[in-house]
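Two complexes, one shared chain (chain A), two partners (chain B, chain C).
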Partner chain A sequence: MAEETHMHRRHHDMGGLDAGPIDRHEHDHAPWEKQTDAIMRLLVAKGVMTVDELRRGIEELGPGAYDAMSYYERWISSITGNLLEKRILDPAEIGRTMDEVRHRHETA
Partner chain B sequence: MMRFHPGDEVRVRSWQPPGHIRTPWFTRGHTGRVVGMLGTFGNPENLAYGGDGAPRQPLYRVRFAQSELWSDYDGRPGDTLIVDLYEHWLEATR
Partner chain C sequence: MTAHTHGDGHQHPHPRQPDVEDRPLTYHMALTAAVAELLVAKGVVTADELRRTVEDIDSRHPGDGARVVARAWMDTAFKARLLEDVNDAAAELGIDCGGIPIRAVENTRRLHNLVVCTLCSCYPRMLIGLPPDWYKARAYRSRAVREPRAVLREFGVTLPDDVELVVHDSTADMRYLVVPARPDGTDGWSEEALAAIVTRDCMIGTALPRSDAPRSGGG
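Then we have the complex of A and B:
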């Protein structure tokens, strides 16, 4: 197929493309990854967002971020983006909280 | 109301719209056969943007010959692949 027909093939839709070797090792999840999973389950259970919105947000990360991020980094980035879109969170609130967490870690 | 039934030959629409699409690129425009029905679900293309998913869409299991999907397939001739596809992405071949 000609390159221009790939205009709307999104980066994640890579079935059949050469993606290199697959890491099949089992690995443990960090506590923040388990928290991310729990946050998503709660948001779905409470009807705040859907798994379809999660996927859409991940697809919209863009090729660079999509490839660089780990699985749950993609999740938390998409969750954050969706909650910003829904005006449940606002950027200043997130910035303030990130500062507080950083301060807590530095003084711990 | 289901438009297709097991045994029906279907072609995946070769649409290329932007947006959140669950129909894998590699199936588009290819012909397969319905082998099962998974139920009716909210349309993810609408749910993904905060919609309610209406109208709900029947979801089918469609079996493709690997040689139909990949022109350079060099596995066994009888190999197949089953993909879950929503009804609005399928059209009858006759």
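Then we have the complex of A and C:
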């Protein structure tokens, strides 16, 4: 049991901790959230990425980022990180495409 | 969200949500659109696959789980098969739950089941749709395994002291469906009427079906 005092609980591992009242407010999922979910499902179906890899990417977000991000923000961050690691995407093209997306949004 | 793209000029099928879609494009919204676009451009996925997958996500809802529960209430042989294998039993009703096993846990007069995923958000989403926000949030994930009776009281459920409470912590490879006990006062009800009182929260274990509930479905 003495070993247990040295065990490090990671921030996503929150079962049994103190926490405040449950906020039961619910939001409808936005299109981009469903899009993120759909990307993940397809990447799993095609063997590009696994659910365990998604979770690893989420769990490796620092405690600050984990708590600051919404649920699907964590997902798309992890998905992107995994796709970069696998060299399916590269940072420059992501930046460029995000700029294009923003430009289209502003001029639409 | 006019910049939302499927890359094929596809007319967006979802009802507009002005409170969400008219907000400025956030970093993560732009990132999602960019990742989707690049994956399509590189041929990893197609725009049509993305569209159809979103439609599949939209098509999953608690009503499917409620149909399964109502059938189990009507048909003890079906209930036995459901408790043996949810995915197979749901398939009998034409519901495809995918490959991840779902385990049914049955409430009785002496036993109540509550489902949580302390590590993340694992949930029988292929059978009852996407989980509610609170299921994925810190307060529920932290407290459900430590003070589940207090959590249930916040949901308006007060369990008698002599009812045993079992909390199931889900994993990516095992999800749970609570099969609530059929409430008194529902003798002679049709399967459809029974399904209408089995709300999403009843199948998570944070609510109990009520024979006097407003018949609005959903939940």
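Everything below uses one rule, namely that the second predicted complex is superposed on the first by the 101 of 108 C-alpha atoms of A that agree within 3 Å, B and C clash if a C-alpha of one lies under 4 Å from a C-alpha of the other, contacts with A are read in each partner's own complex, and residues count from 1 in each chain.
Quick note on the criterion: contacts are C-beta pairs under 8 Å (C-beta built on N, C-alpha and C of every residue); 3 or more make two chains touch, one makes a residue touch a chain.
Model, not experiment: these values are computed from the prediction.
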item	value
Simultaneous placement of chain C and chain B on chain A, clash or fit	fit
Touching partner for A:R9 - first (chain B), second (chain C), both, neither	first
Residue contacts with chain A in the superposition, chain B compared against chain C	C
Partner chain(s) touched by A:D52 [first = chain B, second = chain C, both, neither]	both
Centroid geometry (CA): angle chain B/chain A/chain C, rounded to a multiple of 10 degrees	60
First (chain B), second (chain C), both or neither touched by A:T97	second
Touched partner set for A:K86, first chain B, second chain C, both or neither	first
Nearest Cα pair across chain B and chain C, whole Å	5
Intersection of the chain A residues that touch chain B with those that touch chain C	13, 15-16, 52, 55
Residues of chain B defined as touching chain A within the complex	16-18, 20-21, 24-26, 42, 44, 47-50, 53, 69-70
Sites on chain A touched by chain B in the complex	5, 7-10, 13, 15-16, 50, 52-53, 55-56, 59, 85-86
Touching residues on chain A, where the partner in the complex is chain C	12-32, 34-39, 41-43, 46, 48, 51-52, 55, 58, 67, 69-73, 76-77, 79-80, 83, 88-89, 93-94, 97-98, 100-102, 104-105, 108
Residues of chain C touching chain A in the complex	1-5, 12, 14, 17, 20-21, 25, 28-39, 42, 44-45, 49-50, 53-54, 57-58, 116, 118-121, 130, 132-134, 136-146, 151, 154-155, 169, 172
